[in-house]
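By written order: A, B, C, D, E and F. Residues from 1 in each chain.
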Amino acid sequence: MGIHKYFQSLSDLEGIYRCPGVFKYQEHSVASHSFKVATIVQFLATVESADGQEVDWKTLYEKAINHDYSELFTGDIKTPVKYALPKLRELFSQVEGSMTHEYLDKEFPSQFRKVYEERFKEGKDQSLEGRILAVADKIDLLYEAFGEIQKGNPESLFFQIYKEALSSILQFRDLASVRYFIHVILKEMISEEISSHTRIRSITKALLQSKESETARKK
Amino acid sequence: MGIHKYFQSLSDLEGIYRCPGVFKYQEHSVASHSFKVATIVQFLATVESADGQEVDWKTLYEKAINHDYSELFTGDIKTPVKYALPKLRELFSQVEGSMTHEYLDKEFPSQFRKVYEERFKEGKDQSLEGRILAVADKIDLLYEAFGEIQKGNPESLFFQIYKEALSSILQFRDLASVRYFIHVILKEMISEEISSHTRIRSITKALLQSKESETARKK
Amino acid sequence: MGIHKYFQSLSDLEGIYRCPGVFKYQEHSVASHSFKVATIVQFLATVESADGQEVDWKTLYEKAINHDYSELFTGDIKTPVKYALPKLRELFSQVEGSMTHEYLDKEFPSQFRKVYEERFKEGKDQSLEGRILAVADKIDLLYEAFGEIQKGNPESLFFQIYKEALSSILQFRDLASVRYFIHVILKEMISEEISSHTRIRSITKALLQSKESETARKK
Amino acid sequence: MGIHKYFQSLSDLEGIYRCPGVFKYQEHSVASHSFKVATIVQFLATVESADGQEVDWKTLYEKAINHDYSELFTGDIKTPVKYALPKLRELFSQVEGSMTHEYLDKEFPSQFRKVYEERFKEGKDQSLEGRILAVADKIDLLYEAFGEIQKGNPESLFFQIYKEALSSILQFRDLASVRYFIHVILKEMISEEISSHTRIRSITKALLQSKESETARKK
Amino acid sequence: MGIHKYFQSLSDLEGIYRCPGVFKYQEHSVASHSFKVATIVQFLATVESADGQEVDWKTLYEKAINHDYSELFTGDIKTPVKYALPKLRELFSQVEGSMTHEYLDKEFPSQFRKVYEERFKEGKDQSLEGRILAVADKIDLLYEAFGEIQKGNPESLFFQIYKEALSSILQFRDLASVRYFIHVILKEMISEEISSHTRIRSITKALLQSKESETARKK
Amino acid sequence: MGIHKYFQSLSDLEGIYRCPGVFKYQEHSVASHSFKVATIVQFLATVESADGQEVDWKTLYEKAINHDYSELFTGDIKTPVKYALPKLRELFSQVEGSMTHEYLDKEFPSQFRKVYEERFKEGKDQSLEGRILAVADKIDLLYEAFGEIQKGNPESLFFQIYKEALSSILQFRDLASVRYFIHVILKEMISEEISSHTRIRSITKALLQSKESETARKK
């Protein structure tokens, strides 16, 4: 009934995997995702700041770190559910809210309750920080889908997720950081060299030939 | 858009793990759980039948095999949620229902739609078969919790689950099979010898001594 | 020494993996396989029944649920062994039989011994139910091989298994359910869209273009 | 060659496990650890702030998020090495530094190089933020060791790590947050109820008795 | 059809796990086991050599490295089977022999066939090297069982395996290396300090007290 | 403080994975790698021997079995580090050396210290056995990279490793065994049939047609 339980619970987020029930080559936990989102917001806000925006960094990082803590109470609902039923999603948010409230009342020492209530609120509001969080959350999802597609995952769901995530990101094109993402990062992503099996043969042949001519020269 | 997708989706149930977000020594998938429940109802109904009850075996097995198929659409919501909020659970049932309906409309050839709609309905009704399913579902949950406790899992949640599951089973004491479970099976379970570290020393010593005296005798 | 041990042993089937010793992207346990076979016989028998056949549903489901329980005693012998040496396979069946017998004598309360001896017998006999089981067992194997091939598994063994499994299924073409499998399900399977890496580029470009023209229109 | 590679590399931190080569019941990746450290510094700094200290929150969170990024280049060296040879550790820090430098030169667009050079520097300096990071890093290590000990890990290394981590934390007793940790959190941790096997019997008996007396009363 | 396939097959031994179908905290592959047996024979033969025995080292190491290669064709049959039915075990040996023969005929270049036929033969003969192999194989099995017991595995099977393995080792007491094992190594094993949960409290208290008195002294 | 700890430590090598921090379809432990290297040197030395070279087999096998034991103290440093900084690698070798020395002093009974000091020394010297070990170590690395490329791993690192490993092997072309590797084994490797998705369709069609014509013939 205190911070010990809170610290201990962080480890449980390492055991909640995103997108359960679809075959994946690589699993991603909610804990890992939160770390990646925090790192992505760091970059996006750096671009915003360079573009002249005033960033509230403390709020930004706290939004990123805490944005999925409530999945501890609910787990990660299946992606198809999320995309098929916006109503359920909203309702889920409400339940998450009330469970978080209950958790704070039961587990948190009273002197920290207020500040954590603020921190555990839904972070994706209309502020600059809320919008950066929304973008970063989708960028990490896009990378998860891209990673599966690149590894040859035949599930068409990952194409859907890729599309849905990119589509959400594009809605924030008024942000300088999103424009940087589209014009620079995304370009790098889709032009990535595709590892092909034939490449191994050419490497092999090239090496063998260079060594052979080297040997010939020595004679 | 057909039975191929349905058959393929069965494999996704192998990737949905029960009780996500709590440390476990052994994971159990929804597919494995369904197999175990089917095997448990087989035994319980055998007892009921010996007790003179009329069992509708076809219905019983179909209830067991299909009872968690809808988790494909929703995932396995976290146990604490299930136990903390009966309202959410109910709501989830509704969502599962409507998603199942939608799935049948979209994926199933029309000639099979009706029979599968029946099969995918909530199975735990007031019929004998529905009650046997309810008991078997809790017996498997009890075994999952028992397995973790026996292996030394320090999470107190498993004691809660054990207690909750046993408590639910006891509500069906009017069934002969539940009485058999309580008076015979549960008794075996709780009297199980506890592997202790000291045992290895006594085995070692006993073996060494028997060999030594054997050697002595030979001289 | 009783049903407790029997219930507990079900969990061990979750730890026996099929086709050991070959690289797989996705593992399948004997427990999961049994669940899938039970679900597949349910469908095949539905087709048979619609075709006018009399199905003994109780027997059918019990055959499916129990058909690999004896692997608990023996493990899953390696697929190449199974296919290379029919004699060994037969012999293995015998050993499985005698071990099952011994297990029943030692572990099962006498009042259930007879009914379980019947249930643990080799299920793939010449009855309609035995033949449906034989087909369903091969359909699940076909899906396992298909899943690996689709994910890019370079082991040629999976092509062999695919071929062998399909070949076995085709021997039951006199069954209406097998004809449905060939003419409808298999067709869906082999015409499945192949996820290609290029697809991600086209999705990306299409989205970007539609957004750009949308932006242009707004000006 | 750009931020795409940087974002993609975050996922590699999900595949570097801490304390390699010792048996663990639960693995922790560098990515998960970074998330947990960020969450722990959030709490510690909240205590410091309540105590009247001026916290540079932006710097604090960036220290936490980035503090192990360089393990991407070097992996997580084995704990015994870390503790046995302080010289090697220092040398490793140097190598990490030069590799990080090289990485920034090669991969990062020039406009972000300077700010990230600052961010990727060793964070555990003598500032309040650097000291909070040092404490949080050890608190998470303490929890990792505690988790293994609690689950029954027989490796004595985890006792060593527990001791070493706690000892390091105690060196920062002048911080209000460390005093809170010692007097409140640590107390909760060591008084945690130990799950014992006997507890399951008492739960079982209590439930059975309450139900029996309930039944008796009804008659 | 050649050495390439042979080299590639070594990796398959990494995917065959010993004792399938029993819950284990730690899995051991046939590849890992072979490495450990090779390392154990190295030690045992060092003792024999010091005792004045003539060791044929080449033969010894080849026996160790190759002794389970044939499991590639057959998998690791379940331990209970091995112990319950000596007849089956013998028969399995025969099958392994004939499959190995067939494999050599089909896969191996003729110039190496004879030497590998010798290497793939059952290694546990009556020679000194064969007996050392038999002992080392059981020592590794003993360590596998000990590791599970020490971690708290409740399966009584591991006590059986421990007992059976130790019993087999003791039959070779005429070997100097086995006497060394019994009088020195086994003694260390069973006197190993048992990690207890209470230890963490005493470490904590001791550290806190030493720090407190240190603080008091400074004043 | 004796051979028991040494035997027990072998199991820790099963938990150190090679190339940490890069996505892999298949993990390889240091224990498995050591087994494979021992098996590969066995073959290479067989070729050398047939070529008329005098092989010191005892030394050869001990070099292979022990060559990575020191990773127990240091873990497997990340491949990019190894390849980027030869200086660090050398320094690491020194540290490994001194840690091994310390380990022998602390853990090993004095009568075995000298022989194990010899065994734990860097094995890749200029002797025939040292050179065979160097080649075998790279051959196994080549197979690891080939395995990932063949399974579709998009990480370009594996092409680098493949190239670097092959390049190292080619430097030993004066060995008859390396020439055999290049002219026979490598040829088999790169001409390996690539499993393609289309193959499954042709198998399916061929089988269906053969069965249909068979059916036609029967009429």
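The criterion applied here is as follows: contacts are C-beta pairs under 8 Å (C-beta built on N, C-alpha and C of every residue); 3 or more make two chains touch, one makes a residue touch a chain.
Just so it is clear, the structure is predicted and the values come from calculations on it, not from any experiment.
Participant: Using the touch definition from the top, list the chains contacting both chain A and chain E.
Facilitator: Under the touch definition, chain A and chain E have B, C, D, F as mutual neighbours.
Participant: In how few steps can one go from chain C to chain D if every step must land on a touching chain?
Facilitator: 2
Participant: Out of A-D, C-F or A-B, find the interface that copies E-F, where copy means more than half of the contact pairs are identical.
Facilitator: Residue-number overlap above half with E-F among A-D, C-F or A-B: A-D.
Participant: Could you find the chain whose CA centre sits the greatest distance from that of chain D?
Facilitator: It is C.
Participant: Superimpose the Cα atoms of chain C on the matching ones in chain F and note the rotation angle, 0 to 180, in steps of 5 degrees.
Facilitator: So the angle, rounded to a multiple of 5, is 120 degrees.
Participant: Averaging over Cα atoms per chain, report the distance between chain A and chain F in Å.
Facilitator: The computed centroid separation for chain A versus chain F comes out at 35 Å.
Participant: Measuring from the mean C-alpha position of chain C to the mean C-alpha position of chain E, what distance in angstrom results?
Facilitator: 34
Participant: Chain B: which residues touch two or more other chains?
Facilitator: Residue numbers touching two or more other chains: 11, 13, 23, 25-26, 147, 150, 152, 186, 192, 194.
Participant: Show me, using the given definition of touch, all chain pairs that touch one another.
Facilitator: Between chains, contact exists in these pairs: A-B, A-C, A-D, A-F, B-C, B-D, B-E, C-E, C-F, D-E, D-F, E-F.
Participant: Any idea which chain E residues touch chain D in the complex?
Facilitator: 25-26, 147, 150-152, 192-195, 197, 199-201, 203-204, 207-208, 211, 215
Participant: Show which residues of chain F lie in contact with chain A when the two form their complex.
Facilitator: Residue positions touching the partner: 23, 25, 146, 149-150, 152-156, 158-159, 162-163, 166-167, 170, 173, 182, 186, 190, 194.
Participant: Considering the complex alone, what residue numbers of chain C touch chain B?
Facilitator: Residues in contact with chain B: 1-8, 10-11, 13-14, 26, 28-29, 31-32, 34-36, 38-40, 42-43, 46, 50, 57-58, 61-62, 65-66, 109, 111-112, 115, 119, 139, 143, 147, 184-186, 188-189, 192.
Participant: Which residues of chain B touch chain A in the complex?
Facilitator: Residues 11-13, 15-17, 20-23, 71-78, 80-81, 84-85, 88, 91, 95, 99, 102 of chain B touch chain A in their complex.
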